[in-house]
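Chain lettering (A, B, C and D) follows the sequence in which the chains are written, and residue indices restart at 1 in each chain.
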Amino acid sequence: MENKDKMKLANDGLPEHEKPLFCDARPQTYKPLGKYVEKFLNWARANSLWILGYGTGCGAIELRPLMTARFDMFRWGLAPRPTPRQAGVFVIGGYMSVKTLKRVIRSYEQMQGPKFVIALGSCTINGGMYWDSYNTINRLDHYLPVDIYITGCMPRPEALIAGFNKLKAMIKAQQTDGQNEYARNFDWYKANQKKIVKDWNMPDYNW
Amino acid sequence: MVNPIYIFVIALFSAFLLPVIDKLGRKVTLGVFYLSLTAIFAVTLLWFRAFGEGALIENIFTAGSLPPFSINLRMGTIEAFIMLFVNFGALLGAIYLYGKLLENKVYALMLFLTLIMGVNGLIMTRDIFNIFVFLEITSISLYALIGIKQDARSLGAGFKYIIAGGLASAFLLLGIIYVYRITGNLNLDLIISENPLLLSKGGLIALFLVVVAFLIELKPWPANGWALDVYEAAEPGISAMVASLVAAGMVFVFYKFIPLLPHSWHGMLILFGMLTFVFSNLTGLKQKNARRLLGYSSIAQMGLLMAVLLLVRRFNDAMDIRYALSDIAAALFVNHFLAKAGLFWLSGIINKEKARDWSFNKQPVLVLLFAVFIFALVGLPPFPGFWAKWTLITKLAQYNMIGWIVPIIIGSLLEAAYLLRWFGATIKREQTEQVIIPRYKILPPLLAAIVLVIIFPSFAPYMTGMKTMFFFPLLAAAVLWLLDVMPERMRGMVMILILAAFGWYIYPLAKGIVLIFEFMFIAGGIVISLASLNSARPKQGYWEFLVMLIMSLALIPLAKSSMEFFLAWEFMTVSSWLLILRGKNGEKPALTYIMFSLGAALLILTAFALSFAETGELGLVLLSNLNIYAIPVYILLALGFLVKAAAMGVHIWLPGAYSEAEDEVTPIFAGMMSKISLWGFILLFGYMGNKVLGIFELPVLLGWIGVFTAFFGALMAVFQEDIKYLLAYSSMSQLGYMILSVSLLSHLGWTTALYMSVTHLFFKGMLFLAVAGIVSRIGTTKMYEMGGLIKKMPASFISVLIAIIAVSGVPPLSGFGGKWLLYTALIEKGWYLQAGLSFFAGAIAFLYLFRLIHTIFLGQLKARFREVKEASLWYIVPQFIFVGAIMAISMFPNLILKPIMAAVETQFPSHVNWDGYTVITALGYWNGNAVMMITMGVFMVPLIWLLVRVNMVQKVEQFNIVYAAERPDRPETTHFAYNFFAHYQKAIGFLVKEQITNFWNSVSEWFHSLSATFRHIYTGNGQTYALHIIIYIVVLYSLLGVK
Amino acid sequence: MTIITILGFLLIIIGLWGMLTRKHLFRIILGFSIIDTGIHLVIVSLGYIKGRTAPIFDADLSPIDAINRIVDPIPSALVLTAIVIGLAVTALMLVYVIQMHRHKGSLEISDYEELKW
Amino acid sequence: MEHGLLISIIYAFISLSVATIWGLLLGGIMMKVVARAHGRFGPPFWQPIIDIIKNNARRTSISHGIMYFLGPVFRIAGGMGTFLFIPFIYGSMVFGNFSFAGDLFLVMYFIFFGQLGMALGAGESGHPYSAIGVARGLSQMTAFELPFALSIISIVIQYGTLNITSIVAAQQGGILHWTLFTNPLATIAALIALQGMNMHNPFSIVIAPQEIPIGPPTEYHSNFLGLLQTNRGLFNIAKLALFMNLYFGGATNLFSMLIKTFGIYMITVIVGASFPRFRTEQSIRFFLGVPTVIGILAVLVTGYF
């Protein structure tokens, strides 16, 4: 019983009457399936990357050309997806303000695993030109497990493609596991997030 | 036998005696007074009994010589009959006036006695001058009695009355003297025997003057403003006397003069009577004062009675005239006499001027009395007025006077409109203050009501051959009413037992198609009634009307004669109307419903009358023999049934009626009562088949109406926000399909109609019961206020889910069978465009069905419903009985299809083959069983795949949705439900603008405006009224062609 | 049609005229009385046979030859009744008017119009 | 049923597999074609299959409730059922499916089975876009069903039967026996309706990624989405097979089936690549306009002249 309660999240950010409206389960870690099965599945995952583009920063402007005839991301099995439920790759489009961080966390948590994060531009690494802004965060991977950083201000679409290809290689090699990392270090991530986001009116984990 | 002259003796003697003995105290005087009235009543009672035993007409001679040298009286059956009621009414009226008589001067007693004597004299005397004298005696005592109230209003009214009465007697006197001058006689019998003398130029003028004087006394429209004022202003006890016994005397005098009237006058006089009937009722529409309203109704009834007295003269057969007099005129007379007196007395007890101030719904005695009198006046069964109208209309048709049926129908509808509106409003208005009922005041209306109830069998004509069971609905309702002391659930059980027993009783009588209908009505009725047991809170009148409704529904298919059919039909109409009226906001929809239903009933009645006219018999079978009237009967019946089916154009009663009725009743309306129109069409087509009018085949026309009903019903259902309205329109749409398929007049078509009606009963029962259960828990019928209830009410959800799959016709459930049969039948018949449109309607059904289930059960649960529980078992059990039935017939369609097809085969040859579970028509085939199996198979495969991996599924809560990276704010703003099909409205919403509702609203508005216009002739000025009388006389004079 | 009959009808018409045009209650009653009188005249004139006497048996008129000497007695009888009745009605009307005046203080017929429609 | 239950199940399985794979590949080909029209390379034509594997390979999923859980099951059961009631290849034992269970009307109404289930599942997710998408989809469905139904009625009149196999049989013996040539009006009406059924541009108002992020399946993911995508391929083929049977002479062998379905699908592809999207009410009015008139004409011509 006690163990079960430990698995529950406190959801302290929610008023009492709203608590039943949100799921209070903790995220879990997952073991890979058998070696060859997982390898096959990873191949499929790598070749069908559905993007949730979160164009909060100016970097996102370089995401759009990917869909055009010139860069044609579809040929690598990349496709935009309008809902986080179906997307597998979260592309963070640049600097992350306090306000957008909250939404990004929510969207990331709503994605189904395995899920990957590509952070776009210098701002996500160290804040870039906003490093001393009162309103942006500096290091994204304090808040979300980032798989690939693509540097530049802003990075060109070619750089993005390179980043995606790197991600594909990592997936195939089973080198990246952001979902499990997030679940394992959930309390640390959550503490970091809550340090930034003061008006935490969401559940602790957005299923 | 007591010489009737003693009536005068008693009256006069005690009238003179009273002031003398008044010295002994008023109680004594009153004792003598009541004693003498009782004595008078006893005399007439004795005479009436004697005539009942076969006594002959007796002439009583006075002054020791024979006429013409003396005045003679006549006591015959009719006289005795009228006087019986007059003196009974006098006694009751005197009892009612007890309080007034106690405090007023003794002269009031004397006046009352002279009044009674005058009326008795008017009835008995055969001397025309004596008639004048008695008229004056009656009038003068009446004037004085009106004045006794001693207030400005009654005095003003009385004065106007005197002016009018004086004018009338002036003309009467002139007429009498000229009649004497020309015939040399004052004795009516002698004058009649020398009738030719009067047919001379001067004679006609003399006769005209006499007749017109009595016409004025009968208060013809529009020369009757003074009478209205009297009705309104006089003491209600006096108004009751004027409306009942004085009117009775006047009508009888008019009746006495009828043999003198030249035939050429009859038509015009009938017309004036009918005009009075129609226009008084029309003017009554706008009336707000209760007693004046009753006045309008009285005047109308007198007009009708006068017209009827003349109309029956046109019947060729002497026997018929006699029957007509007893069955129509006497019934109308008794009906009006008791009901109107009763209502006036009631108005005195309530003592509220404005009709809209009446409210006494917590005092059952008053409610019951009011109901009896109003129903009697409107002519609802079983009261004499019902039989009178039935006989009148059939006889009129028989004697080829169809034209006169029209004003009777219009007038009756208008009268029903204001009386039933008044009834509905009064019953629905919450009572705030207790009505104090003095015992002496309640006794007369009570007795009148009792007499009305117990007297009705003697007016039910053609009882021969009419099965007693057609009165069972009434009996069952009475039994349940008497069991009122029982706990409510017990009464419900008794009601279900009665239904079961009734089902057992009629089972041997039904076979084939009838059996299918009986199955629907009885079995469906029992199952649906179970839901009504959910609450133990007392429900006045609920079980009574429910059992009446279901039983009368079950009786209609068993009717062998049109009389039986119509009686059961009216019972159904009345009981369903009262059930709607019970609903919380039922007043207005109930009125619309009853108006349309009565209209339909009158159309059906006319059709039956025409059929009777041609065949001379009432058997429904004879509809197939019709020749001359075939087309009109066909059209009238079809129109009547279309109204009942709420077809396009006459559907506006349906949504309100279904929606505002109590939630437990609605499934009975939608699932069962709507089917009765289908039975009507089966009857119509079964007996009359196909008929062609001009270039139109009527069934084709009906088919088009059906398919448009299906289409527009579905379309309107799409745009409803109220769940019950949505379902109501859905029922309308489904009925449309049934009309369409039954109009096909083919084996497949009828199979479709019957199959659909049975399955429709199942799924509409489920849907409405589910809705009832939900509404009982959450207390709203607005769909956008619901949402997410699937987690709280899973059983209701399953039932609704099954139902909507079935309604929409998606395989593998039984609804598909209906659709498949329908299209196959339509294409087989060659009704291709109808098939296309009904397919469209079927597709539109998806819209409202999805909306139904989505906005209630899916989406976001509202905070205030978080603690809601599943509906009570009383709702769930019947639903799951239906679920079981649907699953069974989906799996094994043969269960229902084979009996239906066999039943239909008695009408049409079948082209359908069976191969195991496969039904094969010329066009296609369908194996419900295999479809079910395959569907289950293909359902299992992906389900197993998901279940294998069910471990990885995390159950989440309602706000765990993707919401553009935000969290939802409130369920209300997240639940997409209001104006669900906004874009659809934008695209084709223009098709369902409320044009038909507007049309009917303007019909109502026109009538009310007309009413408002016409009543302005009643200026309230006595001189104007006198002028009306003069103009009336002049117009009548020129129109009668007296030269 | 004798002159008296015509006179009677003239009275009736005058009475009607008065009744329909005068607003004063007493004049209406007067009109009504004039109508009554006119009717009585008509009745009497209809029974009158030229040159005959009233149907009253006395020394001059024995019942035996009455049949040839008297006017038609029935109209005379009728007129007596009618006069009585007319008187009663007129009296009643006057009583009404007095009472009406007591309640409303007006003798104009147009002041008694609150009951209408 | 001439053969045993097990055999027919095996046959059905084969038939379903072939249809599903072909349907998915067709979808991939369409993407390829559209890409070429845009001047792109586009994804590989087997991309839909990879997507399905990927979606089924997802580690987590969430459920909003039982109806949500069953929605995709209903959907694919609808697709499978619809397909199984259509004879896929004329005269073939393996691809004859279960068409003995019902006729054309059964197929037409069974199409709704999956849509209804899916709509209910999507509804339980509680997402407003799901409900909006369903409302749009149903509205448009009513509209395109009208010309389609008229067209069906017309060919039922023409062939005097509702039996799909008989309709195919009647079209054998040369290309000019196809309904396409014998009843062009019905074919045109139905083909326009087909564009609505396929929900590609200009009738992609349900998915409408720009306004209501993909509408009904907004909340669907992982293996639920996998099922939905599988159905997409299968259901597509079911529709194409129906049209092939009704208007294009059916198929007597696998090869002609491939050619014909590809050809019919190309119409959708070309139309889809050429037009922008309608608004909902525009789409409804469109279908109730010209296509319906054509459908009525088809019925009048076959039925009354």
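Criterion: a residue touches a chain if its C-beta (ideal position, glycine included) is under 8 Å from a C-beta of that chain, and two chains touch if they have at least 3 such contacts.
Predicted model, so just to flag it, every value in this text is computed and none were measured.
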Looking at Cα centroids only, farthest away from subunit D lies chain C
Dist(centroid_CA(subunit A), centroid_CA(subunit D)) in Å evaluates to 36
Cα centre of subunit A to Cα centre of subunit C, whole Å, reads 114
The distance between the C-alpha centres of subunit C and subunit D, rounded to whole Å, is 99
Subunit B and subunit D have mean C-alpha positions lying a whole-number Å distance apart equal to 54
Multi-chain touching residues of subunit B, meaning two or more other chains, are 954-956, 958-960, 962
Multi-chain touching residues of subunit C, meaning two or more other chains, are none
Touching at least 2 other chains, the residues of subunit A are 23, 83, 85, 207
Every touching pair of chains is listed here as A-B, A-D, B-C, B-D
As the complex stands, subunit B meets subunit A at residues 863, 866, 954-960, 962, 965-967
Subunit C contacts subunit B in the complex at 12, 16, 19-21, 23, 25, 28, 32, 35-36, 39, 42-43, 46, 74-75, 78, 81-82, 85, 88-89, 92-93, 95-97, 99-100, 103-104, 109-110, 112-117
Residue positions on subunit D within touch of subunit A in the complex are 31, 35, 38-44, 47, 50-51, 53-55, 57-62, 209, 213-214, 217-222, 225
Subunit B partner, complex, touching residues on subunit D are 9, 59-67, 69-70, 72-74, 76-77, 80-81, 84-85, 98, 100-106, 109-110, 112-113, 116, 119-120, 123-128, 131-132, 134-136, 138-139, 141-143, 145-146, 149-150, 153-154, 156-157, 160-163, 213, 218-219, 222-224, 227, 279-282, 284-285, 288, 295-296, 299-300, 303-304
In their shared complex, subunit D is touched by residues of subunit A numbered 23, 28, 30, 40-41, 44-45, 47-48, 50, 69, 72, 74-75, 77, 79, 82-83, 85-86, 88, 112-114, 179, 207
